[in-house]
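Letters A, B, C and D mark the chains in the order given here, with residues in each chain numbered from 1 onward.
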Amino acid sequence: MVRILYFASLRENLGLADESINEPVTTVAELLDLLAQRGQLWDEQLRQNTRLQIAVNQTMTKREAAITTGDEIAFFPPVTGG
Amino acid sequence: MVRILYFASLRENLGLADESINEPVTTVAELLDLLAQRGQLWDEQLRQNTRLQIAVNQTMTKREAAITTGDEIAFFPPVTGG
Amino acid sequence: MQTDDFDVNAQMLQLRQGNASIGAIAAFVGLVRDLNEGSTVSTMTLEHYAGMTEKSLIDIASQAQNRWPLQGITIIHRVGELNPTEQIVLVLTASAHRHAAFESAMFIMDYLKSQAPFWKKEATPEGARWVDARESDETALARWQ
Amino acid sequence: MQTDDFDVNAQMLQLRQGNASIGAIAAFVGLVRDLNEGSTVSTMTLEHYAGMTEKSLIDIASQAQNRWPLQGITIIHRVGELNPTEQIVLVLTASAHRHAAFESAMFIMDYLKSQAPFWKKEATPEGARWVDARESDETALARWQ
(Lines give C-alpha, C1' and ligand atoms only; values in the text may rest on other atoms or scores of the structure.)
Protein backbone atom coordinates (compact mmCIF):
# COMPACT_ATOMS: atom_id res chain seq x y z
CA MET A 1 0.00 0.00 0.00
CA VAL A 2 1.26 3.53 -0.81
CA ARG A 3 -0.21 6.86 0.19
CA ILE A 4 -0.58 9.51 -2.55
CA LEU A 5 -0.94 13.27 -1.98
CA TYR A 6 -1.95 15.90 -4.55
CA PHE A 7 -1.31 19.62 -4.07
CA ALA A 8 -2.40 22.98 -5.46
CA SER A 9 -3.72 22.97 -9.08
CA LEU A 10 -3.29 19.17 -9.29
CA ARG A 11 -5.46 18.68 -6.22
CA GLU A 12 -8.11 20.95 -7.67
CA ASN A 13 -8.01 19.52 -11.20
CA LEU A 14 -8.17 15.91 -10.00
CA GLY A 15 -10.69 16.74 -7.27
CA LEU A 16 -8.66 14.75 -4.75
CA ALA A 17 -6.26 15.71 -1.95
CA ASP A 18 -5.02 12.24 -0.99
CA GLU A 19 -5.68 8.55 -1.39
CA SER A 20 -4.14 5.17 -0.61
CA ILE A 21 -3.77 2.41 -3.17
CA ASN A 22 -3.05 -1.28 -2.70
CA GLU A 23 -1.87 -2.27 -6.19
CA PRO A 24 1.80 -3.31 -6.21
CA VAL A 25 4.03 -0.65 -7.83
CA THR A 26 7.84 -0.54 -7.65
CA THR A 27 8.63 2.87 -9.18
CA VAL A 28 6.97 6.27 -9.46
CA ALA A 29 6.72 5.72 -13.24
CA GLU A 30 4.73 2.52 -12.68
CA LEU A 31 2.42 4.35 -10.30
CA LEU A 32 1.88 7.08 -12.93
CA ASP A 33 1.05 4.41 -15.54
CA LEU A 34 -1.48 2.93 -13.16
CA LEU A 35 -3.12 6.30 -12.37
CA ALA A 36 -3.19 7.24 -16.10
CA GLN A 37 -5.50 4.26 -16.68
CA ARG A 38 -8.24 6.20 -14.84
CA GLY A 39 -8.79 8.30 -17.97
CA GLN A 40 -7.56 11.23 -20.03
CA LEU A 41 -7.69 13.79 -17.19
CA TRP A 42 -5.40 11.69 -15.02
CA ASP A 43 -3.09 10.88 -17.91
CA GLU A 44 -2.73 14.56 -18.84
CA GLN A 45 -2.44 15.92 -15.33
CA LEU A 46 0.11 13.35 -14.20
CA ARG A 47 1.84 11.00 -16.65
CA GLN A 48 1.99 13.43 -19.59
CA ASN A 49 2.70 16.46 -17.38
CA THR A 50 6.31 17.42 -18.14
CA ARG A 51 6.36 19.94 -15.26
CA LEU A 52 5.13 17.40 -12.71
CA GLN A 53 7.03 17.57 -9.41
CA ILE A 54 7.43 14.39 -7.39
CA ALA A 55 8.36 13.81 -3.75
CA VAL A 56 8.79 10.38 -2.17
CA ASN A 57 8.71 10.44 1.64
CA GLN A 58 8.98 14.25 1.49
CA THR A 59 12.13 14.35 -0.62
CA MET A 60 12.07 15.61 -4.20
CA THR A 61 12.82 12.89 -6.71
CA LYS A 62 12.30 11.69 -10.33
CA ARG A 63 9.99 9.23 -12.08
CA GLU A 64 12.67 6.52 -11.94
CA ALA A 65 12.60 6.50 -8.12
CA ALA A 66 11.83 3.18 -6.47
CA ILE A 67 8.85 3.05 -4.10
CA THR A 68 7.75 0.45 -1.63
CA THR A 69 4.78 -0.24 0.61
CA GLY A 70 4.25 2.42 3.27
CA ASP A 71 5.81 5.20 1.16
CA GLU A 72 4.24 8.65 0.89
CA ILE A 73 4.26 9.88 -2.73
CA ALA A 74 3.34 13.49 -3.46
CA PHE A 75 2.54 15.03 -6.85
CA PHE A 76 2.46 18.81 -7.34
CA PRO A 77 3.11 21.64 -9.81
CA PRO A 78 6.32 23.74 -9.65
CA VAL A 79 6.48 25.58 -6.34
CA THR A 80 5.79 29.31 -5.98
CA GLY A 81 6.48 30.31 -2.38
CA GLY A 82 8.26 33.25 -0.89
CA MET B 1 39.68 83.16 3.52
CA VAL B 2 39.06 79.38 3.60
CA ARG B 3 37.67 77.28 6.38
CA ILE B 4 39.47 74.01 7.24
CA LEU B 5 37.99 71.05 9.12
CA TYR B 6 39.88 68.06 10.56
CA PHE B 7 38.18 64.80 11.51
CA ALA B 8 38.81 61.64 13.54
CA SER B 9 42.49 60.66 14.02
CA LEU B 10 43.66 63.78 12.12
CA ARG B 11 41.68 66.01 14.47
CA GLU B 12 43.21 64.22 17.48
CA ASN B 13 46.77 64.13 16.15
CA LEU B 14 46.78 67.80 15.12
CA GLY B 15 44.84 68.84 18.23
CA LEU B 16 42.51 70.96 16.13
CA ALA B 17 38.94 70.48 14.87
CA ASP B 18 38.68 73.52 12.60
CA GLU B 19 40.32 76.80 11.68
CA SER B 20 40.10 79.61 9.12
CA ILE B 21 43.09 80.94 7.23
CA ASN B 22 43.51 84.13 5.25
CA GLU B 23 46.55 83.31 3.13
CA PRO B 24 45.73 83.17 -0.57
CA VAL B 25 45.71 79.56 -1.86
CA THR B 26 44.31 78.40 -5.22
CA THR B 27 44.49 74.59 -4.92
CA VAL B 28 44.28 72.01 -2.16
CA ALA B 29 47.93 71.12 -2.88
CA GLU B 30 48.97 74.73 -2.21
CA LEU B 31 47.02 74.70 1.03
CA LEU B 32 48.78 71.48 2.06
CA ASP B 33 52.19 73.05 1.29
CA LEU B 34 51.25 76.01 3.45
CA LEU B 35 50.09 73.83 6.37
CA ALA B 36 53.21 71.62 6.08
CA GLN B 37 55.33 74.69 6.92
CA ARG B 38 53.96 74.49 10.48
CA GLY B 39 56.33 71.59 11.20
CA GLN B 40 57.00 67.89 10.83
CA LEU B 41 53.74 66.78 12.47
CA TRP B 42 51.65 68.76 10.01
CA ASP B 43 53.75 67.68 7.06
CA GLU B 44 53.42 63.99 7.99
CA GLN B 45 49.77 64.06 8.93
CA LEU B 46 48.70 66.01 5.84
CA ARG B 47 51.03 66.60 2.91
CA GLN B 48 52.95 63.32 3.14
CA ASN B 49 49.87 61.29 4.11
CA THR B 50 49.13 59.12 1.07
CA ARG B 51 45.80 57.98 2.54
CA LEU B 52 44.60 61.55 3.19
CA GLN B 53 40.97 62.10 2.15
CA ILE B 54 39.93 65.55 0.96
CA ALA B 55 36.51 67.16 0.60
CA VAL B 56 35.91 70.65 -0.80
CA ASN B 57 32.51 72.06 0.04
CA GLN B 58 31.45 68.60 1.24
CA THR B 59 32.33 66.78 -1.98
CA MET B 60 35.23 64.33 -2.15
CA THR B 61 38.05 65.55 -4.35
CA LYS B 62 41.82 65.37 -5.04
CA ARG B 63 44.84 67.52 -4.23
CA GLU B 64 44.64 69.16 -7.68
CA ALA B 65 41.21 70.64 -6.87
CA ALA B 66 40.91 74.42 -7.16
CA ILE B 67 39.78 76.32 -4.08
CA THR B 68 38.64 79.86 -3.60
CA THR B 69 37.73 82.20 -0.78
CA GLY B 70 34.73 81.03 1.24
CA ASP B 71 35.35 77.33 0.52
CA GLU B 72 35.10 74.67 3.22
CA ILE B 73 38.01 72.23 2.97
CA ALA B 74 37.92 69.03 5.06
CA PHE B 75 40.80 66.62 5.72
CA PHE B 76 40.18 63.18 7.17
CA PRO B 77 41.41 59.55 7.20
CA PRO B 78 39.65 56.83 5.13
CA VAL B 79 36.08 56.43 6.34
CA THR B 80 34.92 53.48 8.45
CA GLY B 81 31.15 53.76 8.89
CA GLY B 82 28.38 51.21 8.70
CA MET C 1 5.13 27.92 9.07
CA GLN C 2 2.42 29.97 10.62
CA THR C 3 -0.79 31.78 9.76
CA ASP C 4 0.00 34.71 12.10
CA ASP C 5 1.88 37.82 11.10
CA PHE C 6 5.40 38.46 12.43
CA ASP C 7 7.30 41.42 13.91
CA VAL C 8 10.67 41.87 12.22
CA ASN C 9 12.23 43.74 15.14
CA ALA C 10 11.15 41.09 17.66
CA GLN C 11 12.49 38.33 15.42
CA MET C 12 15.83 40.13 15.07
CA LEU C 13 16.13 40.57 18.84
CA GLN C 14 15.36 36.88 19.33
CA LEU C 15 17.97 35.90 16.73
CA ARG C 16 20.62 38.13 18.32
CA GLN C 17 19.83 37.30 21.96
CA GLY C 18 22.57 39.62 23.11
CA ASN C 19 25.23 37.81 21.04
CA ALA C 20 27.92 40.48 20.73
CA SER C 21 29.88 38.60 18.06
CA ILE C 22 27.16 39.38 15.47
CA GLY C 23 28.15 42.40 13.37
CA ALA C 24 25.60 42.12 10.58
CA ILE C 25 22.03 40.98 10.06
CA ALA C 26 20.55 40.78 6.58
CA ALA C 27 16.77 40.54 6.32
CA PHE C 28 14.26 39.90 3.61
CA VAL C 29 10.51 40.41 3.81
CA GLY C 30 8.20 39.28 1.00
CA LEU C 31 4.86 41.07 0.72
CA VAL C 32 1.57 40.45 -1.11
CA ARG C 33 1.26 42.85 -4.07
CA ASP C 34 -2.11 44.04 -5.35
CA LEU C 35 -1.03 43.62 -8.97
CA ASN C 36 0.60 40.56 -10.53
CA GLU C 37 1.09 39.87 -14.24
CA GLY C 38 -1.39 42.59 -15.16
CA SER C 39 -4.25 41.56 -12.89
CA THR C 40 -5.54 43.09 -9.68
CA VAL C 41 -5.11 40.70 -6.77
CA SER C 42 -7.69 40.93 -3.99
CA THR C 43 -6.45 38.04 -1.83
CA MET C 44 -3.76 35.40 -2.02
CA THR C 45 -4.00 31.93 -0.51
CA LEU C 46 -0.82 30.07 0.38
CA GLU C 47 -0.89 26.29 0.42
CA HIS C 48 1.94 24.12 1.71
CA TYR C 49 2.82 20.46 2.20
CA ALA C 50 2.75 20.00 5.96
CA GLY C 51 5.81 18.03 7.01
CA MET C 52 7.78 18.35 3.81
CA THR C 53 7.77 22.17 3.83
CA GLU C 54 9.34 22.31 7.29
CA LYS C 55 11.96 19.76 6.23
CA SER C 56 12.82 21.76 3.08
CA LEU C 57 13.30 24.96 5.07
CA ILE C 58 15.53 23.21 7.61
CA ASP C 59 17.52 21.70 4.74
CA ILE C 60 17.93 25.10 3.02
CA ALA C 61 19.03 26.66 6.32
CA SER C 62 21.60 23.94 6.94
CA GLN C 63 22.99 24.34 3.42
CA ALA C 64 23.42 28.06 4.15
CA GLN C 65 25.11 27.26 7.49
CA ASN C 66 27.60 25.04 5.66
CA ARG C 67 28.41 27.67 3.07
CA TRP C 68 28.80 30.82 5.17
CA PRO C 69 30.01 31.54 8.72
CA LEU C 70 26.60 32.32 10.23
CA GLN C 71 25.60 32.86 13.85
CA GLY C 72 21.92 32.34 13.26
CA ILE C 73 19.13 31.98 10.71
CA THR C 74 15.41 32.69 11.01
CA ILE C 75 12.91 31.61 8.35
CA ILE C 76 9.19 32.33 8.81
CA HIS C 77 6.70 31.62 6.04
CA ARG C 78 3.00 32.29 6.39
CA VAL C 79 0.27 30.06 4.96
CA GLY C 80 -3.47 30.58 4.47
CA GLU C 81 -5.27 33.61 3.12
CA LEU C 82 -3.39 36.94 2.93
CA ASN C 83 -4.33 40.39 1.63
CA PRO C 84 -2.22 42.86 -0.37
CA THR C 85 0.45 44.62 1.76
CA GLU C 86 0.56 41.67 4.18
CA GLN C 87 3.88 40.03 5.02
CA ILE C 88 4.42 36.54 3.50
CA VAL C 89 7.94 35.52 4.36
CA LEU C 90 10.83 36.60 6.60
CA VAL C 91 14.44 35.52 6.27
CA LEU C 92 17.09 36.72 8.72
CA THR C 93 20.78 35.78 8.64
CA ALA C 94 23.32 36.87 11.24
CA SER C 95 27.09 36.93 10.76
CA ALA C 96 30.20 38.78 11.89
CA HIS C 97 30.42 40.53 8.50
CA ARG C 98 27.92 41.87 6.01
CA HIS C 99 28.75 39.91 2.86
CA ALA C 100 28.11 36.52 4.48
CA ALA C 101 24.81 37.86 5.85
CA PHE C 102 23.64 39.31 2.52
CA GLU C 103 24.70 36.37 0.37
CA SER C 104 23.20 33.72 2.63
CA ALA C 105 19.87 35.61 2.77
CA MET C 106 19.79 35.77 -1.04
CA PHE C 107 20.72 32.09 -1.26
CA ILE C 108 17.94 31.10 1.14
CA MET C 109 15.35 33.14 -0.77
CA ASP C 110 16.46 31.73 -4.14
CA TYR C 111 16.22 28.17 -2.82
CA LEU C 112 12.97 28.79 -0.98
CA LYS C 113 11.37 30.22 -4.14
CA SER C 114 12.20 27.17 -6.25
CA GLN C 115 12.55 24.27 -3.78
CA ALA C 116 10.19 24.69 -0.84
CA PRO C 117 6.68 23.28 -1.40
CA PHE C 118 4.49 26.39 -1.27
CA TRP C 119 1.87 27.33 -3.82
CA LYS C 120 0.11 30.65 -4.25
CA LYS C 121 -3.44 31.10 -5.52
CA GLU C 122 -4.57 34.61 -6.37
CA ALA C 123 -8.15 35.89 -6.40
CA THR C 124 -8.51 38.35 -9.32
CA PRO C 125 -11.51 39.97 -11.10
CA GLU C 126 -11.09 37.28 -13.79
CA GLY C 127 -11.38 34.56 -11.16
CA ALA C 128 -8.96 32.61 -9.00
CA ARG C 129 -5.70 31.41 -10.53
CA TRP C 130 -2.62 29.55 -9.39
CA VAL C 131 0.57 31.58 -9.67
CA ASP C 132 2.89 30.00 -12.21
CA ALA C 133 6.49 29.25 -11.31
CA ARG C 134 8.88 31.75 -12.85
CA GLU C 135 11.76 30.82 -15.10
CA SER C 136 13.81 33.58 -13.45
CA ASP C 137 13.65 31.77 -10.10
CA GLU C 138 15.33 28.73 -11.64
CA THR C 139 17.95 31.00 -13.20
CA ALA C 140 18.54 32.66 -9.83
CA LEU C 141 19.14 29.27 -8.29
CA ALA C 142 21.66 28.23 -10.93
CA ARG C 143 24.26 30.79 -9.83
CA TRP C 144 24.68 29.05 -6.46
CA GLN C 145 25.50 25.69 -8.03
CA MET D 1 21.88 60.63 11.37
CA GLN D 2 20.73 60.17 14.92
CA THR D 3 21.99 59.20 18.36
CA ASP D 4 18.79 57.29 19.21
CA ASP D 5 18.23 53.61 18.50
CA PHE D 6 15.74 52.54 15.80
CA ASP D 7 12.95 49.95 15.51
CA VAL D 8 13.31 47.93 12.29
CA ASN D 9 9.64 46.95 12.15
CA ALA D 10 8.45 50.54 12.61
CA GLN D 11 10.86 51.74 9.92
CA MET D 12 9.62 49.07 7.50
CA LEU D 13 5.98 50.01 8.12
CA GLN D 14 6.82 53.66 7.51
CA LEU D 15 8.65 52.80 4.28
CA ARG D 16 5.74 50.67 3.03
CA GLN D 17 2.96 53.01 4.14
CA GLY D 18 0.36 50.60 2.74
CA ASN D 19 1.96 50.67 -0.73
CA ALA D 20 0.62 47.43 -2.22
CA SER D 21 2.97 47.49 -5.21
CA ILE D 22 5.94 46.60 -2.97
CA GLY D 23 6.66 42.88 -3.12
CA ALA D 24 10.07 42.79 -1.45
CA ILE D 25 11.98 44.63 1.27
CA ALA D 26 15.65 43.91 1.88
CA ALA D 27 17.13 45.10 5.14
CA PHE D 28 20.56 45.37 6.66
CA VAL D 29 21.39 46.08 10.29
CA GLY D 30 24.99 46.67 11.40
CA LEU D 31 25.78 45.96 15.05
CA VAL D 32 28.63 46.77 17.44
CA ARG D 33 30.71 43.63 18.06
CA ASP D 34 32.59 43.06 21.32
CA LEU D 35 35.64 41.75 19.46
CA ASN D 36 37.41 43.39 16.53
CA GLU D 37 40.79 42.43 15.13
CA GLY D 38 41.62 40.42 18.21
CA SER D 39 40.76 43.03 20.85
CA THR D 40 37.84 43.27 23.22
CA VAL D 41 35.76 46.35 22.50
CA SER D 42 33.99 47.95 25.45
CA THR D 43 32.47 50.94 23.63
CA MET D 44 32.56 52.42 20.16
CA THR D 45 32.28 56.10 19.33
CA LEU D 46 31.01 57.15 15.93
CA GLU D 47 32.09 60.51 14.57
CA HIS D 48 30.63 62.09 11.42
CA TYR D 49 30.98 65.23 9.32
CA ALA D 50 27.72 67.09 9.93
CA GLY D 51 26.37 68.31 6.61
CA MET D 52 28.55 66.24 4.33
CA THR D 53 27.46 62.90 5.81
CA GLU D 54 23.78 63.64 5.11
CA LYS D 55 24.66 64.71 1.57
CA SER D 56 26.66 61.52 0.96
CA LEU D 57 23.81 59.33 2.13
CA ILE D 58 21.32 61.19 -0.08
CA ASP D 59 23.72 60.86 -3.00
CA ILE D 60 24.19 57.11 -2.40
CA ALA D 61 20.40 56.65 -2.17
CA SER D 62 19.81 58.54 -5.42
CA GLN D 63 22.45 56.45 -7.20
CA ALA D 64 20.61 53.32 -6.04
CA GLN D 65 17.27 54.80 -7.23
CA ASN D 66 18.80 55.36 -10.68
CA ARG D 67 20.13 51.84 -10.91
CA TRP D 68 17.21 49.75 -9.66
CA PRO D 69 13.41 50.13 -9.79
CA LEU D 70 12.88 50.99 -6.12
CA GLN D 71 9.77 52.17 -4.32
CA GLY D 72 11.59 53.47 -1.29
CA ILE D 73 14.87 53.61 0.61
CA THR D 74 15.56 54.18 4.29
CA ILE D 75 19.06 54.83 5.64
CA ILE D 76 19.58 55.45 9.36
CA HIS D 77 23.08 55.76 10.82
CA ARG D 78 23.72 56.37 14.47
CA VAL D 79 26.50 58.58 15.82
CA GLY D 80 27.97 59.01 19.30
CA GLU D 81 28.87 56.36 21.83
CA LEU D 82 27.51 52.83 21.36
CA ASN D 83 27.99 49.58 23.28
CA PRO D 84 28.45 46.03 21.92
CA THR D 85 25.19 44.52 20.59
CA GLU D 86 23.80 48.00 19.83
CA GLN D 87 22.48 48.79 16.36
CA ILE D 88 24.69 51.13 14.27
CA VAL D 89 23.11 51.34 10.85
CA LEU D 90 19.86 50.40 9.10
CA VAL D 91 19.34 50.19 5.34
CA LEU D 92 15.96 49.28 3.86
CA THR D 93 15.16 49.01 0.16
CA ALA D 94 11.67 48.32 -1.24
CA SER D 95 10.92 47.00 -4.72
CA ALA D 96 8.40 44.89 -6.62
CA HIS D 97 10.90 42.02 -6.81
CA ARG D 98 13.55 40.62 -4.51
CA HIS D 99 16.70 40.90 -6.60
CA ALA D 100 16.41 44.68 -6.99
CA ALA D 101 15.82 44.97 -3.24
CA PHE D 102 18.78 42.76 -2.27
CA GLU D 103 21.23 44.24 -4.76
CA SER D 104 20.42 47.86 -3.97
CA ALA D 105 20.79 47.21 -0.22
CA MET D 106 24.23 45.65 -0.81
CA PHE D 107 25.19 48.53 -3.09
CA ILE D 108 24.16 51.11 -0.49
CA MET D 109 26.12 49.34 2.26
CA ASP D 110 29.23 48.98 0.07
CA TYR D 111 29.11 52.68 -0.81
CA LEU D 112 28.30 53.77 2.72
CA LYS D 113 31.26 51.78 4.10
CA SER D 114 33.77 53.41 1.78
CA GLN D 115 32.25 56.80 0.84
CA ALA D 116 30.19 58.23 3.70
CA PRO D 117 32.20 60.27 6.23
CA PHE D 118 31.88 58.23 9.42
CA TRP D 119 34.75 57.19 11.65
CA LYS D 120 34.74 54.61 14.43
CA LYS D 121 36.84 54.77 17.56
CA GLU D 122 36.97 51.70 19.75
CA ALA D 123 37.75 51.59 23.46
CA THR D 124 39.80 48.45 24.16
CA PRO D 125 41.88 47.21 27.17
CA GLU D 126 44.97 48.43 25.22
CA GLY D 127 43.47 51.91 24.99
CA ALA D 128 41.30 53.73 22.46
CA ARG D 129 42.03 53.27 18.76
CA TRP D 130 40.56 54.44 15.49
CA VAL D 131 39.22 51.63 13.34
CA ASP D 132 41.25 51.37 10.15
CA ALA D 133 39.51 51.32 6.77
CA ARG D 134 39.46 47.84 5.29
CA GLU D 135 40.89 46.96 1.90
CA SER D 136 37.95 44.58 1.40
CA ASP D 137 35.49 47.49 1.50
CA GLU D 138 37.25 49.08 -1.46
CA THR D 139 37.19 45.74 -3.27
CA ALA D 140 33.47 45.39 -2.55
CA LEU D 141 32.87 48.79 -4.08
CA ALA D 142 34.76 47.95 -7.25
CA ARG D 143 32.22 45.39 -8.43
CA TRP D 144 29.54 48.09 -8.82
CA GLN D 145 31.69 50.19 -11.12
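Everything below uses one rule, namely that contacts are C-beta pairs under 8 Å (C-beta built on N, C-alpha and C of every residue); 3 or more make two chains touch, one makes a residue touch a chain.
Please read these numbers as outputs of a predicted model, since none were measured by experiment.
Once subunit C is removed from consideration, the other chains connect through touching into the groups A | B, D.
Following the contact convention of this document, no chain is adjacent to both subunit B and subunit D. A straight line joining the Cα centres of subunit A and subunit D is 48 Å long. Note: centroid distance subunit A to subunit B, computed from Cα atoms, is 72 Å.
With centres taken as mean Cα positions, subunit D sits 22 Å from subunit C.
Between the CA-based centres of subunit A and subunit C the separation comes to 26 Å, rounded to the whole angstrom.
Counting only residues that touch two or more partner chains, subunit C has 30, 98, 109.
In subunit B, the residues touching two or more other chains are 82. Chain pairs that touch, as defined above: A-C, B-D, C-D. Against subunit D, in their complex, subunit C makes its touches with residues 7-10, 12, 16, 18-35, 84-85, 96, 98-99, 101-102, 105-106, 109, 140.
Across the complex, subunit C is touched by residues 5, 7-9, 51, 55, 58-60, 74, 76-82 of subunit A.
Those residues of subunit C that touch subunit A in the shared complex are 30, 46-49, 51-52, 55, 77, 88-89, 109, 112-121, 130-134.
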